[in-house]
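Below are two complexes that have chain A in common, paired first with chain B and then with chain C.
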Partner chain A sequence: MSERKSEPGARPAVGRRRRWLRPQMFPYLLLVPAVVFELLIHIVPMVFGVVISFLKLTALYIRNWSQAPFVGFENFRIGLNTHGAIGSALVHSFLITLAYTVLVVAGSWGFGVAAALLVNSEFRGRGWFRTLFLIPYTLPIYVAVIAWEFMLQQNTGSINTLLVDDLHILKNPPFWLIGGKAFWSLVMTALWRSWPFAFLLVLAALQNIPQDLYEAAAVDGASRWRQFRSITLPQIRPVSTVVVLVLFLWTFNDFNTPYILFGQSPPSAADLLSLHIYVNSFVDLNFGLGAAMSTLLLIFLFIVSVVYVRLLRVGSEENA
Partner chain B sequence: MREERFYRVLRVIGLAFFTLITAFPLYTVVISSIKPLGDVQSAFHWIPSRITFEPYVQIWSTVPLAHYFINSAIVCVSATVISVIVAILAAYAVSRYRFFGRDPFRLTVLSTQMFPGILFLLPLFIIFVNIDQTFGVHLYGSRVGLIITYLTFSLPLSIWMLVGYFNSIPRELEEAAMVDGSTALGALFRVLIPVSLPGIVAVAVFAFMTAWGEVLFASVLTTNATRTLAIGLRDYASQSNVYWNQLMAAAIVVSIPVVAGFLALQRYLVQGLTAGGVKG
Partner chain C sequence: MNGRGISRKEFLKAGGGALAGASVVGLAGCGGGQSSGGSSGGGGGKAGKTLTYWASNQAPTLQDDRRILSKAISDFRKKTGIKVKLQVIGWPDLFNRITTAISSGQGPDVLNIGNTWSPTFQQTGAFLPFDQGALGAIGGKDKFIETAYHTSGMHEPYPSVPLYGLAYGLFYNKAMFEQAGIKSPPRTWDEFVAVARKLTKPPKQWGFALEGASITENAHWAFILGQQQGGSLFKGNKPTFDSPGVVRGVAQYVGFIDKDRIVAPQDAQYGTGTQSPTDFAKGKAAMLIWQNNIMTNLKSYGMKESQYGTSYMPIPKPLPPGGKPIMSHTAGINISIFKNTQNRKGALQFVRFMTDRKTQVYLNQQFGSLPVNKEAASDPAFHTENLRVFQDVYANHSAPMPLVPDEGQMETLVGGAVKTLFGKAATGRVGTSDVKSQLAAASQKMAAGGGA
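This part shows the complex of A and B:
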């Protein structure tokens, strides 16, 4: 209020205030909080993470990181040396994660599209199905995974009751959470939780397809299958690309599913990357090595995302 | 019309399949939460030998569940509120103004959203420990520290969704208000925010849900006093015993706020998500 009553001497100050309030400055003012937070929570930690990856930062130096010896690319060399124990374990973990991601993303997309098509047509009670199918996704992730952990117990789990006692598919109840089957436990659990996300988005996309496209096609004598291929699939393509990218990133970075199912010592068949890095950092207390692995993961994800976005032009910069 | 019948049969089979795979785990959880302990510790049976609601009473004393509940609520609500407010301002700028640095900002937000939590956890952990050491400020193991780390995923998510949502709202609405003498900020608060409420609700619910389920940061950055539900639920499993019935009961209690919230706001969520998140 006070600047309104401007005395002659106060002129320059008013001028400076005015410059701050110039319309060009307004968007920057709005961005200040976001930029400050982005710096604090993303940029600084990321740069710091890269710095750590060049240090031999073990438990000894955790309270005073600047004393940790500088080792250059040593951590990266160890991580990428496929002849060494650490490097080969990292490659193994990477490949497991890749297989896991491909299966979960492909399965989620397929289930999501199928269920969305089923619920999209008019029939009584479709609202109930829609709600039911969304529940797995709305549950807190640890609840979903704990539920599966319980179901996958060898002697007290409902899955073995179903497979062995009721359906007689298997003779002896297998261990699902130990050994090679652990990988499939992981895939099933993640798939159960992820597909409703694809379902939700694809269903919304389906409802935006103009109905007269189908009517015109029907007049031309196109079969349902033909309509699906020539109208539905192209129309849900933009949503599908986003769904696949988002699910890829979530699944590839997944920590929750393996950590809750197996704790800090997962079976080798289910040793996903995020958990692998976590164990190397916080259990084996080699933070420098963990940071180097994180940096490698970052580079990989960055390349994949850029290639994917370029190929499919998602992120649609053009409509902004 | 043969084809019609074929598709109707296909639909029934398909719906039955998805209903079964969805309901099977839900049934296991619900039925186990009302079984006596002896039942859940022996072979699984579809029908309980005896129905009891004791697990729902016991969960509160076996484990300090209420305490974890409060911790989770404080952390998740704070992270959500902060990210939504900061995101509204930033998204308004990005959506309505052309300015130098706009694209680098958008790109930064988009890319940080893609990075794994483990990438930020490690440096933040070391930064927190060292701040504690140097300045005596307790971020490590405190709720404030946890809230800050939760912003790493809730803030980019909120900004990204809101930019998309604001873009879908015609700018003529605010321009009309500004012609009537409103300032840009006034137009944001009096016109754009009320109109965008569905989108803002969607963003808040997603941010809250993601935080409510968060495990990674909570597993490293909490102590007994600040433990969240995500980690606290582990306490039902002791060395000698797993109280599966109580664990399942607690799982249901913990899920109620988010599942109920999500389902109640479903309409807005789909609207907000498709306008913002997808066409972004």
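This part shows the complex of A and C:
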């Protein structure tokens, strides 16, 4: 020991062990399992997906996909060629998905805020309403969507019974699951499923707003609307931004709703991107093309997320 | 880990297949993939005395399938000592399960496939080819009805052999025909429409019922009516879905809703394969054109066999130039062996057992299908008044669906296009130009996608 101490620049073994186990390292050590699983579950398959997008991976090669020929950007070219049938169908599907996402996210947020405001004030039976509002979110997605599928049937569905036989709003029962109205059926079903999520988070945010802000505003003569605009909205803004981003990503990627409602061949008006990619990959057995479409979707969602987050950061700095 | 670890190629081989599916799903954010193989993993089991068998759904319920097959499997065990682990898989899942099994290499030993899938699966090379040796082990190809045998793949040696035979035919409600004063079932399409109009009394009763949202039904109809009209879905390997004959055939089929008005518009959204047979069984539709195995379903829906008659699918009269008087595609279910089975001998024994006379008589009687074994086909059980038509159509008036590598993709694209057209027909009017443009787009998608 004494000899070692005398050596210039030498550090004791104990000291080295101490440095390795520095307390600052401990949190990183705890993160290792999560990082490993994240890599295995998300990152590695994602990288494989990108690799596949450069291959002509069709039924011929599914048994030994490493033999699939490399085709460079050919799958991307086919997917982006808007003059071709596949490219134009992809663009059509993208636009449908965009419209669907905007409507569902905006509607979910709007309903969520309205419902949260409603049950945030004191009244008898408030707890029941809170529970009631959460039912769509607690139901298994398959059960919820299949129930809508039954209700939307043209000849036997309860929606047409209500509109035609009970309320006499319509003379003839419309088709909700085929043709152009399929899009609105999709929006309605997804909206019904999603809004309680916004409701739940916004309600939590509302409960954290100090009451004295409203009292002060009331003393200053601010109307209810003014209080909502100047106090409630800014206070729930951080939660709302997260809600909108998460709902956007979930809705844009929604596979379950269209698949359960329409199966593998949705009407053109309801051909959402996730299902479109699924059909190209797993039904048509063209995994290369499907992976290229998925990669394009991934890039789009990544850009949207980055832009959204940056915009919000700028906004909060300005507000500050 | 040793110093060099595994090579890139080894890694890709080991994990790549499974990840291929998972990656696309992961990227797309969807969940279509299925785990496969169950406990069998690679099939066979170490003892070599156990086989895993994926059976398709033939009976009205999966439980019925299990009950029927269990008896046959038990006979097989008594005979050979080989245990068979049975899994009955519904049609909506079977294709995915098989493709996932192929990509991961983890599949059953023996499995059922739709016979129209055989060309697609043949090119994957995942199934044991029935070459001279394998055919010899199962009793030779001569035991099969020739038409049935030739639905087994693109070219010999085939990746499958036939198991159950099916053909389309016309079912008609005897009481409704009698009430309307109709003496005999229609044999031409003109007669068919005239009879159906007579029997249509909307909104409660319609002349005919169909499944407008069923992709596979639509694809079959497009093929059959297209052939009758002199059209073809392929020229060589090139898709020609919008050839004039196919366009005429599809326009005729879709026109049953909007032009002829003999089908309830709601049939455009039927796609489960149970709704129009139920309407027929309940007397809401007077005619149904379906494969013979629907007879077991009709019974379960409460319709007695004496209440309906069967006849041939109509044909155009006169036939247009190039038109063929076919009345069905050669439909049916095949049986295959996974190439990487660890119990090849046992698997071949099982296929032999399943396609032998005695088992064929039992299973086809139970499932309402037709035997593919020549000797079994002569059994009196399959020569009943109602089944005779199907026997004849299957053996003499059917043609196999196009035996091309992309058959599966063709069914999706053509069937999907027809489904869209039905959607339009139910809410408006479909012109020949609509039919042509939809089929042209489907054809273009197939050509551009490269498929297989």
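As a convention for this text, the second predicted complex is superposed on the first by the 287 of 320 C-alpha atoms of A that agree within 3 Å, B and C clash if a C-alpha of one lies under 4 Å from a C-alpha of the other, contacts with A are read in each partner's own complex, and residues count from 1 in each chain.
Operating definition for what follows: contacts are C-beta pairs under 8 Å (C-beta built on N, C-alpha and C of every residue); 3 or more make two chains touch, one makes a residue touch a chain.
What you are looking at is a predicted structure, and each value in this text was computed from that prediction instead of being measured.
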* Asked: Is A:Asn286 contacted by the first partner chain B, the second partner chain C, both or neither?
  -> second
* Does the superposition put A:Gln211 against chain B (first), chain C (second), both, or neither? -> neither
* Asked: After lining up the shared chain so the two structures overlap, which partner does A:Leu132 touch, if you call chain B first and chain C second: first, second, both or neither?
  -> first
* Could you let me know whether more residues of chain A are touched by chain B or by chain C? => B
* Which partner does A:Pro33 contact after superposing on A: first (chain B), second (chain C), both, neither? -> first
* Please work out whether A:Pro140 is in contact with chain B alone, chain C alone, both, or neither, and reply first, second, both or neither. => first
* To do: Applying the touch criterion given at the start, work out whether A:Ile78 contacts chain B, chain C, both or neither, answering first, second, both or neither.
  => second
* Which holds for A:Ala59: it touches chain B only (first), chain C only (second), both, or neither? -> second
* To do: Considering only the touch criterion stated at the top, classify A:Ser274 as touching first (chain B), second (chain C), both, or neither.
  => both
* Could you give the residue numbers on chain A that contact chain B in one complex and chain C in the other? => 42, 44-46, 48-49, 52, 57, 62-65, 155, 253, 255-256, 259, 274, 277-278, 281-282, 287, 290-291, 294, 297-298
* Structure fact -> The residues of chain A that touch chain B in their complex are 23-24, 26-28, 30-31, 33-35, 37-38, 40-46, 48-49, 52, 57, 62-65, 111, 114-115, 118-119, 121, 123, 129, 131-136, 138-144, 146-148, 150-151, 155-158, 160-162, 165, 192, 200-201, 203-205, 208, 223-224, 238-239, 242, 249, 252-253, 255-256, 259-260, 274, 277-278, 281-282, 287, 290-291, 294, 297-298, 301-302, 305, 315-317, 319-320
* Show which residues of chain C lie in contact with chain A when the two form their complex. => 9, 12-13, 16-17, 19-33, 92, 95-96, 99, 102-103, 105, 120-121, 123-126, 213, 215, 264-266, 268-269, 271, 405-406, 408-409, 412-413, 415-416, 419-420, 422-424, 426-427, 441-442, 444-445, 448-452
* **Touch list for chain B against partner chain A, complex** => 3, 7, 11, 14-15, 18-19, 21-26, 28-29, 32, 40-46, 85-87, 89-90, 92-97, 99, 101-103, 105-106, 108-112, 114-124, 126-127, 129-130, 133, 148-149, 151-152, 155-156, 159, 163, 167, 184, 209, 212-213, 215-216, 219-220, 229-230, 233, 244, 247-248, 251, 254-255, 258-259, 262-263, 266, 270, 273-274, 277-280
* Asked: Hey, which residues of chain A end up touching chain C in the complex?
  -> 42, 44-52, 56-60, 62-66, 78, 81, 84-86, 89, 153-155, 174-175, 177-180, 182, 253, 255-256, 259, 263-265, 267-268, 273-275, 277-287, 289-291, 293-295, 297-298
